[in-house]
Every structure is written in C-alpha cells, then in structure tokens.
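Going by the order they are written in, the chains are A, B, C and D; count residues from 1 in each one.
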Amino acid sequence: MEHAQHGYIGRKDDYLRRLRRIEGQARGLQRMVDEEAYCIDILTQVSAMTKALQAVGLGLLEEHMNHCVVNAAQESDAAGQEKVDEAMQAITRLVRS
Amino acid sequence: MEHAQHGYIGRKDDYLRRLRRIEGQARGLQRMVDEEAYCIDILTQVSAMTKALQAVGLGLLEEHMNHCVVNAAQESDAAGQEKVDEAMQAITRLVRS
Amino acid sequence: MEHAQHGYIGRKDDYLRRLRRIEGQARGLQRMVDEEAYCIDILTQVSAMTKALQAVGLGLLEEHMNHCVVNAAQESDAAGQEKVDEAMQAITRLVRS
Amino acid sequence: MEHAQHGYIGRKDDYLRRLRRIEGQARGLQRMVDEEAYCIDILTQVSAMTKALQAVGLGLLEEHMNHCVVNAAQESDAAGQEKVDEAMQAITRLVRS
C-alpha cells in the first residue's frame, strides 16, 4: 500500500491536463519572443503561467497534507512531525519563489 | 487543555521579540520617509521587513502544523482534514502575498 | 534641487499614515501572541500586514520610476540605465520577498 | 524603427533557450505525476520551474526598462510616465504572483 500516501493520484488526469496547458503556455511564450511581441504582453503571459504553476503546487500540497501528513500523524507524533518538517521546507520554497 | 494546540506558546518570548523588532522596522521606515531618504534605500528596508514578517508567519505555521494539525489528525481523519483545509487557506494567502 | 528626485515627497503624509498603520499592525500581532490567539488568526493578520507593506513598496517604486528614473533617462542613456539597474535590484528583492 | 523598443531582441536566442528548458520542466512534471512520484519531489520541481520563469520575467522587464522606458522618457515626461505606469502594472503582477 505504498501508494496510499500519493493523494493526488485520484486526480492524476486533472493534474496532467493542467500541466499540459502550462507546457502549452511555455510554447506560447517562445512564439511571442520569436515573433518579437511587446515585452509587457510577454510579461502578462509570464505572470499567468506563474499563477497556474503555483495553483498546481498548492493543489498537490493540499493533497499531500490531507493524505501523507494526516496518515503519518496517525502513526505517531514523531512520524507526523517528520512529515510536517518536510512539508514546511516545500512551503518555504513556494512562499519564497 | 484548550491551549494544547497553540504550539507557539513555548516560544512566545521569541515571537514577541521578533515582532517588536518588526515594529521597530516600521518606525524606522517612518523616520526614513520623514527625513526624505533615497527611495531605493527605503525599498531595501521594506524588503527586509517583509522577509522578517514572512519568517514569523512560516514559524507560526510550522508550530501550528506540528501541534494543531497533528493532534487533529490523531483524533480522526475528518478532524485532520478540516485543520489541513484551514492551514491551506493560510498557506495560500502567504504564497500570494 | 537634490530632492527633485524624491518623488514620494508630495505624498509624504500619505506614506507616513500608512506606515503608522503598519506599525499598529505589528503591535496588534504582539497583542495576539501575548494573549495566545489562534495561530490561523495570527497568520491572517501577518498576510494583511505583508500586503500593506508591499503596497507601500510598490507605491514608492512607482514614484521613484516616475521621477528619478525618468529624470536620469532625460540626462543621458547611461544615467537612465544606471537608475534602471538600481531599480531592477529593488524590484528583484520585492518579487523574491 | 518600431522595434527599437524591443530590448530583448539582441538576446532572443538566450530567452528562447531558457523558455525551451522551462517547457522541458513542464514535461518533466507531467512525467513525475504520471509515474506517481513523491509529492514533495514534484513540489521541489514546481519551485525550481517557478524560479526559472520569474528570472525570465525579470530579465525581460530589465531590458524593457532599459530600452522602452528610457526611450519614452527621452521623448517627453508624459511618454515616460505612460511607460512607467504600464511597467508598474506588470511589476505588480510579478510581485503578487
């Protein structure tokens, strides 16, 4: 039951769809640069893509906490806190990026 | 034992000390504006203060997760997930601010 | 005319008022920690204060660019680009904090 | 001389190369989700990709300010301030995303 912790798996197709759209945004940005679009228009797309990527990150984090962190806490305090430590490092990277 | 969940209480003095320093930074910014300091120097202080405030937020969040979220998860799946939902809303606000 | 560049000076009172409110938020946070308020409620205030501080930073940056950067650019390309470099360092710190 | 403002054009290949790498990171994330990788490892890649994207945004912004904003300021105060307004909207979106 190793996979019990991978909370996102039930919504795998949704995440794959969103990541494909983000990949498409990266291609759209290349097209804009290649066609020498106006900088500000490119920056608007960069912000939209950053927001989409952050939303994926926050969604994955929520499922991780709902499954992996909650399960670990039910195992023991120490296991729960180890998972919290790990999650906090990921959260700190998300907040700072 | 209502307070069992307030994980930061053991380090209350540390948080109070950091928040007093942040209050001092807010006063320092007023002094800079009042003395008509150079904009870029003011912005450097704004960034330093924002970072200090974020570090306090991340510290409080970590203790909240280590205590409140872990305890709720040990009570029941539903209680754990309710606390995770609430924490995720706070994390989303931190990431977006 | 050294101060011609300090674009925020015309709105000095507005900035001082906003920074005093931010100082008040820092004191409010100390009160919440001291009275052992619920972590999530403290985090909500941390996010509100971070947003207020960022808004002050963005406001000061805008006035800096409208005055100092525009004036420097009118002096020479090199002077304009020097001020842009300096502003970009401040922007990078704001984006990453 | 419409293109005089597109400051990034001299480094178009560099931006295209960085955006292709970001596109590759988006594909790598899909692979990780598809292979059911550990959430925290996926989040680490999300943060790395967000940082790379932000660096592209900040680079484009710098070239925009060095060319388009500086040129507009040299035309007139009003033209300069119009470009500063537009740039500030893009900066605000970058800071908030």
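The definition used in the following text is that contacts are C-beta pairs under 8 Å (C-beta built on N, C-alpha and C of every residue); 3 or more make two chains touch, one makes a residue touch a chain.
No experiment lies behind these values; they were computed from the predicted model shown.
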{"item": "Classification of the chain A:chain B interface as same or different, half of numbers criterion", "value": "same"}
{"item": "Superposition rotation for chain C onto chain D, Cα-based, multiple of 5°", "value": "180"}
{"item": "Where chain A and chain B are represented by their mean Cα positions, the distance between them in whole Å", "value": "22"}
{"item": "Chain A-chain C separation of Cα centroids, rounded to whole Å", "value": "29"}
{"item": "Residues of chain B engaged with two or more neighbouring chains", "value": "54, 61, 87, 94, 96-97"}
{"item": "In the complex, chain D residues that touch chain A", "value": "3, 5-9, 12, 15-16, 19-20, 22-23, 26-27, 29-30, 33-34, 36, 38-40, 42-44, 46-47, 49-51, 53-54, 56-57, 60-61, 63-64, 68, 86-87, 89-90, 93-94, 97"}
{"item": "Footprint of chain B on chain A - complex, ascending", "value": "54, 58, 61-62, 65-66, 69-70, 73-74, 77, 80-81, 84-85, 87-88, 91-92, 94-96"}
